[in-house]
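Chain IDs A, B and C follow the sequence of writing; residue 1 opens each chain.
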Amino acid sequence: MQYSRISSMTLAVAAALALIGCGQKEEPKPAPAPAPAAAAPAPEPAKPEVTVQLGHVAPLTGPQAHLGKDNENGARMAIDELNAQGLEIGGAKIKFALVAEDDQADPKQGTIVAQKLVDAKVNGVIGHLNSGTTIPASKIYFDAGIPQISGSATNPKYTQQGFATAFRVMANDVQQGKVLGEYAAKQMAGKTIAIIDDRTAYGQGLADEFEKSVVAVGGKVAAREFTNDKATDFAAILTKIKSKKADVVFYGGMDAQGGPMAKQMKSLGLKAKFLTGDGGCTPEFIKLAGAASEGQYCSLPGVPLDQMPGGKAFGDAFSAKYGQIQLYAPYVYDAVMVMVDSMKRANSVESAKFLPEVGKTDYQGVTAKIQFDDKGDLKGGSISLYQVKDGKWEYRRNNILAGLPWSRPPGVAPRSTFKGCAPAGSAPVPPRRRSKCAIWRQGRGPPKDGPRMQNNRGFPQGKACPNLPAWPRSAKENGGGAF
Amino acid sequence: MIGAMVALTVIKLLAASGLPVFVIILVALAAAAAVCMAVGYTIERIAYRPLRRAPKLAPLITAIGVSIILQNLAMLIWGRNYHAFPPILPTSQHEIFGATITSLQVAIVLIAALMMTGLIILIHRTRLGRAMRATSENPPIAQLMGVNINQIISFTFIIGSALAAVAGLMVSANYSIAHYYMGFMLGLKAFTAAVLGGIGNIAGAVLGGILLGLIESLGAGYIGDLTGGFLGSHYQDIFAFFVLICVLIFRPSGLVGEKVSERA
Amino acid sequence: MMARQSLFERLRHDKRAAIAATVLMGLALAVFPFVIGSSLGNSWLRIIDFAMLYIMLALGLNIVVGFAGLLDMGYIAFYAVGAYLYALLASPHFGLHLPVWLIIPAGAALAGLFGALLGAPTLRLRGDYLAIVTLGFGEIVRIFMNNLNAPINITNGPQGISGIDPIHLGGITLAKPLTFLGYAIPSLHAYYYLFLALALLIVFVTIRLENSRIGRAWVAIREDEIAAKACGINTRNIKLLAFTMGASFGGVAGGLFAGFQGFVSPESFNLMESVMVLCMVVLGGMGNIPGVILGGILLTILPEVFRHGAGPLQIAVFGKILLDPEALRMLLFGLALVVVMLYRPAGLWPSTTRRREFRGESATDVLKEGE
């Protein structure tokens, strides 16, 4: 199966040549017709060039098409960069090719596309965008043994199915909802909080977690209202919220509704602060909300781009090439990089060989430092809060921590905000226990190698970990309550 | 949808030119209406006229096909992103009996009333309107009476498209958002409203539209409290359909619809 | 056209030819997945599996729209009912794992009940009014599925239900390759055979229904309800029966869908799906079973053909990708709908009565064909 797995868009001619070109490497087995085994021949016999296909799936038509295209651009950017580097893996020059597909955010299309990618013998899959399509598709990738890294599917179920091939480089709804809820109740001093969600898997999941978290820290949820992901008019529910005198409105949903919602809040004279999750954390939100966006909040998993090494460069390069980043492009970019990084470490582009390495990832991405837990979720991971200032999302790092129990005293350098804390006694923590202070910092497993730990945004060892409720780690611990 | 998009493009083009606001809006409105009229006429010519005698479901399928085509064309032309409608109109808020409305909303209500009056006059007071009513009543006989039904039907499409263009502009101005997918739900709601009131009756359509809007908003706002949180605003879309079904059980041709002729 | 008809005529009269044709057809259908799987890849096989499901749906809707002439735009609701019933009774969600042979008939029965529920208030409606009410019904079912996660979690709301048991009989599960007489039949192939068998069963039932008293009563109602009533047909019961029968087919297809996908969520059952099934029926040829089957296959496969073809075609013609292939794909699909309807307004393969009727109505067409 060696290189026959690696196929390419190269046509039959190349395939024929490949048989000659790769003679000295593993003999490629003839692959089924639609995906011809094609290791393009290199001039020198020593360095065969191999094309590695990575699948990418997102809705490219329909209401979420703008986000889908953004994801695809993120993946494309990563691939172009990698190709420019001229990587060599397993003694062969590697050329990456992106197979971009459209799933229309429809679960049925999602599985068809997934099967198509499996047939095309892609080496790995980046995506899908929506949890609704990612979950059914992940079974197909799992059956085929193809690693899948999603940059945007946040539904906890995705990684709870027990598929060894499923990973995500994005905090899930439980993680984000918890942080947001605590922030709203404590930091924003929300006494009466109204929650709106858009009745999608994403919005509802996030809003439910937010509600739980608010209640857990003693906040009061005054109203729970609903809209849908195609709505443009929110006057009815906002009027009701106004009558309940809510001082914080949380919206679980996307920017296309969040923006107009913030605007209508203002035109209805609703003075409450507006808070939304990653779906609303886009420039579109500001564009759509206009002046009403000023002072509103949103959260994004990870650390702002310009605080990450290489993040600023990525942002600039992306904007120059594809225009403004919509939302998940950096995460998708990281997902591609993580996958290729695993290939490098495994010294193989074969799915079966580099899959174990994906789980061991320790990669400094542009959104976060990426490590996976045993389920494929992002370990630890941080969540940043932003506020609109002068028509721009501005990172509010101080606000994140000041009101939270593990806050640092004001004046400490901002970088330490993400360093978190160590449990008392500060023995190396086994991954599953480590979770207590997982949200705010990068995860840390048992130290494998000293120097790397240093880079691991290490936190002051010995500082006692505040006594937080344990993080739900599995479906069972969640008690199904995540839904 | 096309109306909103065209108007948006024109407004963006003209916004820099320094013309007075009302001129810009008028030009945008005219451009949007013109483009929509052209599109409406073309669609009628290509997709509906050849099917005038076909089984009644055939035009429905072409309508679906055309809407898929238009949506994707719009996506190719205007891109996948949401567009913010430029806030060119000064909007001021007014408190009236505890409710907050903006001047823009007042303007929209006025324009809508104006257009509906115009339409009623057109249908009931002019020769053209009479021809239209005759055509909808019985095309072959209208033809025998010397009505050029092809021309009339084309004309209704043109008027309908122009109205939709104006409505599209108003919707996107009010919500300051325009997107290539925005037309779908609006079209559905419009259809529901027309059926609720009774097809072929302008007063009915107006009544249906107002009722539908009220039911949705009030339903979203108050049903949740009335049912103890069981039916909250997440059932917003259901209220309208539920009322519709109830109305149609007792009045199978809409609230003010005339008796449907057999085999309509 | 003529050749095909005469072939059918021959098959109808010549018993031996009919048997030979059936055997040939059966063989072709049996070998089909292996041909597709090895030549075009498993994604196409999955598409074919979905096409089978859509054929069942289209045949069910055909009873309502094609036979009884009642426009139903919310048909997907029944599909959803079947799918959700399967998901609830065979998944970790409630911890229930009932056997398939129990769930699928139950799904059919429940969907049938829903069909009657929809039928009852709409008996007096027709045309656009009926369309909007059925559409509303479809949306109501979907919205309830989307929201019934509180106060009691029944459907798990928008998150959908995952981890649904694959279709299994006793110890045999279709999720893994089956071993049969020493041959391994891959999962997708096994599903193909199951779906094919059920689709054939539904085809058989529909054909028997079409030629029965009930079938004739449906057609009578379609042609003229008042005349049918005058002839002593109990139009109320017969119409309700059409809704119920059609819905129960949808329920079966829904159950199979849930078992096949392993995941159901309300977004699979939106309005667009209803519209697509309706397109299959109308495009293929309302009221004509082979036509409806053809419509089901075509409309499932066409978007996929465009998906595979849009990019490479542009490269071949223009040398580079000018238009976004994904936008182009849906554009072509819309265009195909319009063009087919313009050139074959009665559908691709209309029933003979319908064709005759259509010709009779428009003398010009007959003239054109005569030229």
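To be clear about the criterion, a residue touches a chain if its C-beta (ideal position, glycine included) is under 8 Å from a C-beta of that chain, and two chains touch if they have at least 3 such contacts.
Note that the coordinates shown come from a computational prediction; the quantities given were computed from them, not determined experimentally.
A.B. asks: Any chance you could name the chains that touch subunit B and subunit C both?
C.D. replies: A
A.B. asks: Which chain pair has the highest count of C-beta pairs that touch?
C.D. replies: Maximum number of inter-chain contact pairs occurs for B-C.
A.B. asks: Give the label of the chain whose average Cα location is farthest from that of subunit C.
C.D. replies: A
A.B. asks: Measuring from the mean C-alpha position of subunit B to the mean C-alpha position of subunit C, what distance in angstrom results?
C.D. replies: Chain centres of subunit B and subunit C, defined by C-alpha means, are spaced 32 Å apart.
A.B. asks: Using the average of all C-alpha atoms in each chain as its centre, how far is it in Å between subunit A and subunit B?
C.D. replies: 40
A.B. asks: So how far apart, in whole Å, are subunit A and subunit C when each is placed at the average of its C-alpha atoms?
C.D. replies: Using C-alpha averages as centres, the distance is 37 Å.
A.B. asks: Two or more other chains in contact with one residue: find those residues in subunit B.
C.D. replies: Within subunit B, residues 72, 75, 234, 237 contact more than one other chain.
A.B. asks: Which subunit C residues touch at least two other chains?
C.D. replies: Those would be 146-147, 324, 327, 330.
A.B. asks: Specify, in ascending order, the residues of subunit A that touch 2 or more different other chains.
C.D. replies: Within subunit A, residues 60-61, 199, 226 contact more than one other chain.
A.B. asks: Looking at the complex, which residues from subunit A come into contact with subunit B?
C.D. replies: Per the stated touch rule, the residues are 60-63, 65-66, 68-69, 199, 224-228, 230-233, 235-237, 239-240, 255-256, 259-260, 263-264, 267-269, 284, 287-288, 290-291, 326.
A.B. asks: Write out the stretch or stretches of subunit A touching subunit C in their complex.
C.D. replies: Subunit A reaches subunit C through residues 32-35, 60-61, 101-102, 105-108, 111-113, 115-116, 118-120, 131-132, 135-136, 139, 155, 157, 161, 199-201, 203-205, 226, 483.
A.B. asks: Of all residues in subunit B, which touch subunit C in the complex?
C.D. replies: 46-47, 50-51, 53-62, 64-69, 71-73, 75-76, 188, 191-192, 195, 199, 229-230, 234-235, 237-238, 240-242, 244-245, 248-249, 252-254, 260, 262-264
A.B. asks: Can you list the subunit B residues touching subunit A in their complex?
C.D. replies: Residues of subunit B touching subunit A: 72, 75, 79-82, 84, 87, 91, 93, 95, 100, 102, 171, 175-177, 179, 181-182, 184-185, 216-222, 224, 232-234, 236-237.
A.B. asks: Can you list the subunit C residues touching subunit B in their complex?
C.D. replies: Going by the criterion above, the answer is residues 65, 71, 121-122, 124-129, 132-133, 135-137, 139-140, 143-144, 146-147, 151, 224, 226, 271, 275, 278-279, 282-283, 286, 323-324, 327-328, 330-331, 333-338, 341-342, 345-346, 354, 358, 361-362.
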